[in-house]
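Common to both upcoming complexes is chain A, partnered first by chain B, then by chain C.
Let's turn to the complex of A and B:
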C-alpha cells in the first residue's frame, strides 16, 4: 500500500463525488425548494442522455452544444410535468413520491418504445477520450470535464440563489410559503421554475453520464436512490449536497480501495442510515425551513 | 342506515365471501401450472396486505418491504437447499463453485428444517423490530422514513450481491427439490401448496382485520392522522409505530417463505427497489385503507401483467404507470373508495365524514 495509490484513490474519490453531486443537484433544488420527492429524477437524467443522443445522431450537433440543449429539453419536460401533475400534489408529500414513481415508469417505457432497449453511445471529441497523467496519477480527461462542469454549475446555482432577485424569492418561499405569498411572491410560479431548473440540471447530468456509461432506458434507476441519499444527508441545501457528495465520494473510493466497489456501497448505505438516525435533519438544516 | 361499506358485519361477510371464492378455485382448476401461478398471486396478496396494514392503517409508507420478504425468502431457500445436502455431500454447490469448502456459520441454523423456517421468519421480524425502534424513537417519519427504508433495502441488495460465496450472488439460490416438511413433500404444483398459501393469506387477513378493529389499531390510525396529538395524549407513538411496522414485516417474511416454496428460487431481484415499489402500487391501486382491497389490487395488477402483459408486452409498464398516476392524483384511496362511494349512494342518511377524511387529506408531517 504505497502513498501513490492512496493518493490516486483520493483523486478518484473527488471524481466520484462530482458524479454523485451532479446527479443530486437537480434533486437538491426540487426537494430543497418545493419539498417534492421526485422519484422520476433518474428518468429525467435518462431523458437528458437520450436528448443528447438524439441531437447528435439525427442533427449532428457537436457534443459540447448537446449539454446546454439537453438542459433546455429536459427543463421543458420538467415544466410540463410540474404543471400537469406535481402542482396538484404539493400538500401531499407521500403522494408526490408515488406519482413521480408512476411518471418514471411511463418515461422509462416510453423511451424504450421509441428507441428500443439496445444501448446507445454518445460520441465525444477526441481530446476527451484520452487520459491525463501527472506523474503517477492517471485520470480520464472526461472525468475532469465532469468535475469542471459540476463546479461551474454549483457556482452558477450559488450565484442564482444568493445574488439574484429570483434566488431571494425561492429562499423566501422555502422558509415560509404563506409569508412569502403575502409579500407578493407568486409561489406557484417559483415552484414551477425551480422544478424546471432541477429537471434541466438532471438533463445536464444525463448528457454527461451518457458518455461515462452507455445510454439505456433503465440507466436512471441506478442514480435515483444514491442522489436521494445525498440530498437527505445534506439536508436539502446546496452546500449540504456538496459536502455530502464530497464526503461519501471519498469514502466510496477509499473503502473500495480496501475492499471492493459493491461492499463499499453497502458500507456507505449503512453509514448513511446510522448518520440520519442521529441527524434526521441532515448536515446543514436551516432553522425555520418547512418540513 | 349508514353506508354499508362501514358496517362491520357486512365487512366480515365480504371477507368470508372473498375467501370462499378463493377456496372454490382449486376444485375448478386442474391445470397445475395455473394453480401454482394463482398461489403466487396469493403471496403477492399477502405482501399488499402487509403494505396496507403498515401504510393505510399505520401511516408508515414502507418502500423497503422487500427486506422482510427477501430475507424470509433467502432463509427458506437456504433451508430447502440444506435439505438436499447429504452426509457425503454436506456443502451446497453454490459455495463449492465460489471456492468455499466449509459450511459458513450463517448457514448452520438452516441445516435443521424446523429451526431454519423459524429463523427465516424470526430474523426479518427481528430486523423490523430493531430498525423500527431505532428509527421511530428518533421520530423519523413520513417521506424520511420511506427514504431510509429505501437506503436499507439498497444496502441489503448490495451485500447479498457482494457475498457471492454465502448467498449465490446475482444467481441467487435454486434449491433442486421441493420443500420436505414433517415428512410431507410440498410439491409447488400441488393443491397442497395452494391450500398452504390460502390458509396463510386467510389467517394473515383475519389477524390484520382484528388488529385494525382493536383499540391498538385505532391508536395506530390516530397516529396516521395526527401523530403529535396522539403523543400529547400520552401514547408512546414510537412503540405503536414499531409494532405495526413489525407485524407488517412478519407477514412479508411469511410471504417470502411461501414464495420460495412455490417457485424454488430466490435472487437479489426480490430485494430490488422496483419490486418493493410494485407492492406499494398494488396496495395503492386496490385501496390502502381496505385490507381486502389491497389484496385484490395485487391480484388484478399481477394477473393483468401475466395475461395482458403478453399482448401488450411493450406498453404494459406504460399502462401501469399511467394508471397509477391517475389513481394517486384522483383516487388516493384506490379502487376500494369507488365501492365506498357507490355504497354511499344507497345510504339513507349521509354518513359522518369520518371515512372521507381518513387519508384523502394530507397527513401532517409532524
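Let's turn to the complex of A and C:
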C-alpha cells in the first residue's frame, strides 16, 4: 500500500465527516437548544431534497439556488411544526419523541401520496459530476461542495451563537429557561426560531444528499441514525458534533481502507457504544440545568 | 396495571389458547376451496406497495393487473375471468407471511404471485409449503432452493452472468473488481460469476460488499482506483445502486475505460439516476424495453397507454412478472383439462406446469419454457448497453435458451428434481429452502 492511497483515504475521511456533520447539524441545534429529540429529522432532510426537486423540475431554478431555497422552505415547515405541535410538548420528552415520530410518518406518506414512491432525480451542473485531481490525489467536485457548505454553515452557526444578541439569548435559555425568562427573554420565541433554524439546516442537507444519493420518500431514514449518533457522542453542542463527525468520518474511511465497508461500520458502532459506556454525557456536555 | 405472576400466567395461557384455536378448524376449511364454473378465479398478488421495497414491487403489482386485464379481455383462464386479490406487504417480512395465510385461508386464492427479495420469499415459503399451495416468484434469484411449490420466471444466478462475464473479458480486459450489496443474492451470484470468470481466463482483483441501503461508495471507489481493473461487476441493488453509479462518475471514473457490468441496473434505475450516469454501462437481463419484436412493441405500447403504465417504462422485472401470469394461465388450463375445472388445486397446477411454453407471440422476451424438473425458466439472457437517452442497446443475445440450474455451484448437494432435491447418494429430500 502506498502513501498516495492512504492520503486519499484521509481526504475521503474528511468528506465523509462533512456528510455526517451536515446531516447532524440541524438535529444538534434542536436537541442542544430546545432539548427536543426530533425523530422527524430524517424526513426534514427528505423534504429538503424534494423541495430542491420541485423547484428544479417545476420552476427551473438552477441547482445552486435550490440549496438556500430548500433552507427557507424546510425552515417554514419547521416553524409550522413547532407552533402547531412541539410548543405544547416542551416539558414532556417522551411525548415529543412519539409526536415527532408520528410527524415523520405523516411527512413520509404525505410525500409518497403527492410524488409517488418512484425515485426522483436532481440535475446538477456538468462541472459537479466530475472530480478534482492533483497527482495521485483525487476527490469528486461535489464532495468538495458539500465540505464547503458544511464549513460555511458551521462558521455561520458559531457566529450566530457567540457573536449576536440572539445567540446570547439562545445560550441563556439553554442554561436556564426560567432565569432567562425573568431577565425578559421570550423563551417561546427562542425555541420557535431555533427549531425553524434546525429544520432549515436539515433542508440544506437534503438538497445536497439528493445529488449524492437518490430522492425517495424513505431516504431520510438512512441518515437519521448516524445524525443521532453524532449528536449523542458530541453531547449536543456544536463543537461536540463537529469533533464527533470528524473522528467517526475519518475512522469510517481508514477502517474501510484497511478492511472493508461492513467491518468499518461494525467497528465504529462498537467503539461508540464503548465510548458512551464511559462517557454517557458525550464529548462536550454543557454544564447547566437540563429540562 | 400491576402484573402479579399468577395474572401473567393466566393471560399467557389464554393467549396461547387463542393462538392454538384456529388450527382446529382451518385444515378442513382450507381444503374446501372448490372452484365453481362461472365464478371469477381468485389469485393473490403479494407485493409491497409502501416502504423500502415499494420501488420495484409497486410496478410488479401494476404489471400483473395489466396482464390479468389482458387475459380477461381475451376470455379469461379456463373460461372464467381472473380476480387478483391485491394486498400490501408493507416491506415487512412478518406482514408477508401473515398476508400469505390470509390469502390462502380467507380469500381462498388458487395461487399467489409475489415477493421481490429472497428474504421475503423465504419468509412465506414455509406457509406455502405447509398448505401445499403455489407461489409464482417472478424475478431473478440465487437458486440453491428446491421446493415443490414454486414456479420462477426470472433468471437464476447460473443463467444471469454466464454470457456477461466472458463478453466483458473479451471486450475490456481480464481484470475485474466485484462490488455487491451485502446479502445473499449478490454473494451467491458472485460465486457463479467467479466460475465464469475462471473459464474466461479473467482475474479477480477484489470483492467488496456494501450494507443494503448505504449510499457511501467513497472507500470502495478509492480501492477500485488503486486496483485499476478493466471493468467492474456489480450486484448492488436498489437505492444503493443509484448512489454507486452517481458517485462513480462524480469521482472521475470514465465509463469507456472501466464500465460497470451489472445484473440489476435497468430502465427504472437509469431513469432515477439520470441517463448521464447510466450511459455506457452494461446490464445482463432476459428483457429490455428496446427489444425489437412485434410482441414487445405491443406490450410496451399497450402497457404504457393503460392506467397501470404511469411510471413510463417497462423493465426486466416487470416483464418477468407479466410472463408469470401467462405461465399461470397455461398451467391452470392444462390442469383443468386433466382433472376437471372444479377439481383444480394449486398442487394440480404445479404438477401440470412442467414444460409449459410461453411462445414468441405472447412473451415480449421471446420463447421461454418452464423446466419440468426444477420449475425455473429456460430463457435467453441478453446483454444491453445503456445509451445517452437511458434506453438499452442490445449488444449480445444468447443463441439458445439457457437451462436453469439452482444447484450449479453445489454439485455435492444434489440436483433439483420435481419430487425434491436428489442428493448424489440417490436420497430425495422434499421442500429444501
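As a convention for this text, the second predicted complex is superposed on the first by the 289 of 291 C-alpha atoms of A that agree within 3 Å, B and C clash if a C-alpha of one lies under 4 Å from a C-alpha of the other, contacts with A are read in each partner's own complex, and residues count from 1 in each chain.
Keep this in mind: a contact is a pair of C-beta atoms (placed from the backbone, for glycine too) under 8 Å apart; a residue touches a chain by one contact, two chains touch by 3 or more.
Treat the numbers as computed from the prediction; the structure is a model and nothing was measured.
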First (chain B), second (chain C), both or neither: which does A:260 touch? both
State whether A:99 touches chain B only (first), chain C only (second), both chains, or neither. first
Between chain B and chain C, whom does A:232 touch in the aligned arrangement: first, second, both, or neither? first
For A:189, decide between first (touching chain B), second (touching chain C), both and neither. neither
Between chain B (first) and chain C (second), which, if any, makes contact with A:163: first, second, both or neither? neither
In the superposed arrangement, does A:123 touch chain B (first), chain C (second), both or neither? second
Touch check for A:112: first (chain B), second (chain C), both, or neither? both
Which chain A residues are contacted by chain C in one complex and by chain B in the other? 109, 112, 260, 262, 265
In their complex, what parts of chain A are in touch with chain B? 37, 85, 88-89, 91-95, 97-99, 101-106, 108-110, 112-113, 221, 225, 228-229, 232, 260, 262-263, 265-266, 269-270, 272-273, 276-278, 280, 291
Residues on chain A engaged by chain C in the complex (per definition of touch): 5, 8-9, 12, 15-16, 19, 109, 112, 116-121, 123, 128-131, 133, 138-143, 209, 211-214, 216, 218-219, 222, 252-253, 256-257, 260-262, 264-265
Enumerate the contact residues on chain C facing chain A in the complex. 49-52, 54-55, 58, 182, 208-211, 213-216, 218-220, 222-223, 225-226, 239, 242-243, 246-247, 249-252, 268, 271-274, 276-277, 310-311
What part of chain B is in contact with chain A in the complex they form? 61, 134-135, 138-140, 142-144, 146-148, 150-152, 154-155, 158-159, 161-162, 273-274, 277, 280-281, 284, 314-318, 320-322, 324-325, 328-329, 332, 362-363, 365-366
